[in-house]
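Read through the structures below before going on.
What follows is a pair of complexes built around subunit A, which joins subunit B in one and subunit C in the other.
What follows is the complex of A and B.
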């Protein structure tokens, strides 16, 4: 393709090709501190292309392609090309990743132990991970926890933290030194702004961590906590995994290992300050 | 029904994890994970590889487990589900 950018995020290498320069320039800037794929061989390819040649210039619309595609994915305007690239990379992981059990979760680490946070969209996974990342935790990722079926450890996937709508202001305030991408307004997911993981998160991204606590946060309720029984954790994590079925027995073994060895709590929180306090208290009580 | 012999799927076809009151069962042949609870784990354990008739199963479950109001119809329904899932076979 005309314009190409390659990057490695944690153990996964991507090559993004584009019919336009602009999305690639954005990626080069935002992922400037990241390495290239190992041996320059990517695990996945993403293509940002025009559906018709003239659509490169006339009302340019970005189609998302790659090794794995969703056939009915709608194109995005060129101004949202960065979002298209991020969606394309996520899609490759969700549909094509076979080396790790993928859990839709944010992950932060402290003292070699990982805290996994998973829940429905809007639960605050990315927001809490970003805020904890500015409070002494290492950000390992805001989208996917990569569980190694062989060791049970979690590998980092610290892509750009995707903040949506109200979370943008919360994190801009809570992470005053943060480096942010451009505001992408009125996307199909609402307003989006990306936070670049800090230098420490990028420098340590090859260091896995042992899962120590699973949290199911829920935003918008009075502060509350409860234990989550293993069977419920199992069901919720199978729902939170994009490749559990594809991994077959390896996925079953990896998941049951986590469920049986890692404590899980559900927390309700009314605001992020409350959530941070709850998380720190739970962590201290481990 | 009473003459038929039921038995658990071959142990090498199953991968099992006990989770509180549930049992997660990975069925290697189909690649499907089942999350089962009483009386299904007890049925599998009782049938074993040797297998037994419906009547023997009912009597053994009744004497060895406290399964409340598990009547013949309910037990037959659970057994049918396990057969459909491939976790129990009819010999």
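What follows is the complex of A and C.
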């Protein structure tokens, strides 16, 4: 393809090709601190391309392709090419990853132990991970927890933190020296702005951690918390996994191991300050 | 292996002589893996290259592909078992086709092979009973469109696809191996009569008929999509069973020309090379039309074979009517 950028995020290498320079230039600057794929062989390819040759120039629209694709994905305007690249990379992971059990969760680490936060869109996974990342925790990722079926440990996948709508302002205030990408307004997912994980998080991304606590946060309610029984944890995590079924027995073993060994709590929170206090208290009580 | 080759030949040569891949650089491996994925042959490649001193990253990617193919094998055999149980009460034996048959019979063609739908063959006279038995235990219609449904029932060699509501897996119930509208009519009863029990309660076509089916599918039906994988099946079947009696069997089904072509192209891609005619070369050009990103290339050649596939499937007046109805449906959204 005309323009190419290769990068490694945690254990996963990507090659992104594009018909346009702009999305690649954005990736080069935002992922400047990341290494290239090992052995120069990426795990996955992502392609950003024009549906018809003239659509490179006339009302340019970015189609998302790659090794693994969903049928009938809608194109994005060229100004949102960075979002297209991120969606393409997430799609390869969601559909193609077979080494790790993928949980749709954000992960932060302290003292070699990992805290997983999972929930529906808007629950605050990315926001809480970004804020904790600026308060002494290591950010391991805001999208996928990579569980190694062999060891049970969680591998980091610290891609750009994707902040949506109100979360953008909250994190801009909460992480004053954070490095941010451009504001992408009016995307299909609303306004989006990316936060670059800090240098320490990138430098330590090859270090896995043992899962120590699973949280199911929920934003917009009075502060509350409860234990989550193993049966509920199991069902919610199967729903939060994109490749649980595809992994077969390995996936089942990896998931039941987590359910049996890692405590789980659900927390409701009215604002992020309250959430951080709740998280720190739960962590201290482990 | 030359670093310049970045089309389907890169994959063909890796399968033919695995040791040659050791000369690949990062870019060469990246292209090979992308092409293998696009042709749904990454599992096959992974088994073929197992044990070689590969770069660590490549080794890991291929190990994942082997694990994935193994899981696919388990799921495909479980699906076959579910169909066997569904048809046992009405006394219809389960005759498997394509990928599931290869893994049930533990054939080389099944090693690492990606398997999508469950394809089975039943006698046309039992079709209604088979349909009812499958609906009874949880399979459902995929296509609610009345034209498509009627089209399948009147003209196709299979029922409209069914999907299982709990397992989310498709089954294609064939009663012969080519559409009824095609100019060639294979002997479906002979296919069933010669089928062999390859595992308890699971049957497969005889080796010769497997080769006939692969050739029919490639050259008398489809637009050659997935052709590299089909010809790998042919290559493996010939390697394992030879070609004794194949010519007569192919002639019996009216598919002598197609089978001969399949053998020539399989040897050209995966064997020691073959004497090719100009048409063979055009087929190979279509079959290997990929670039180093796994993208489909050579659009003119591809379109030519797409038109040809419809031409083979039905007479011209019927084709015109079919395309008109399909076009009106899509343009209405």
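Couple of notes before you dig in:
Keep in mind that, in the parts below, the second predicted complex is superposed on the first by the 286 of 286 C-alpha atoms of A that agree within 3 Å, B and C clash if a C-alpha of one lies under 4 Å from a C-alpha of the other, contacts with A are read in each partner's own complex, and residues count from 1 in each chain.
Here is the rule we use: contacts are C-beta pairs under 8 Å (C-beta built on N, C-alpha and C of every residue); 3 or more make two chains touch, one makes a residue touch a chain.
Note that this is a predicted model, so its numbers are computed, not measured.
Once the two complexes are overlaid on the shared chain, A:180 sits clear of subunit B and of subunit C alike. Touch criterion met: A:248 reaches subunit B and subunit C at once. Touched residues of subunit A were counted for both subunit B and subunit C, and C has more of them. Legend: residue contacts after superposition of the two complexes on their common chain; A:256 is shown touching subunit B, with no touch to subunit C. Contact with subunit B, but none with subunit C, is seen for A:234 once the two complexes are overlaid on the shared chain. Residues 248 of subunit A lie at the contact with subunit B in one complex and at the contact with subunit C in the other. Every residue of subunit C that touches subunit A in the complex is listed here, in rising order: 25-27, 29-30, 33-34, 37-38, 55-58, 60-61, 64-65, 67-68, 71, 74-75, 293-295. Subunit A contributes residues 1, 13, 15, 17, 37-43, 45, 47, 65, 67, 98-99, 246-248, 250 to its touches with subunit C in the complex. Interface residues of subunit B, counted against subunit A in their complex, comprise 15, 17, 19-22, 24, 26, 28, 31, 33, 35. Interface residues of subunit A facing subunit B in the complex, by the touch rule stated above, are 229-231, 234-235, 238, 245, 248-249, 252-253, 256, 259-260.
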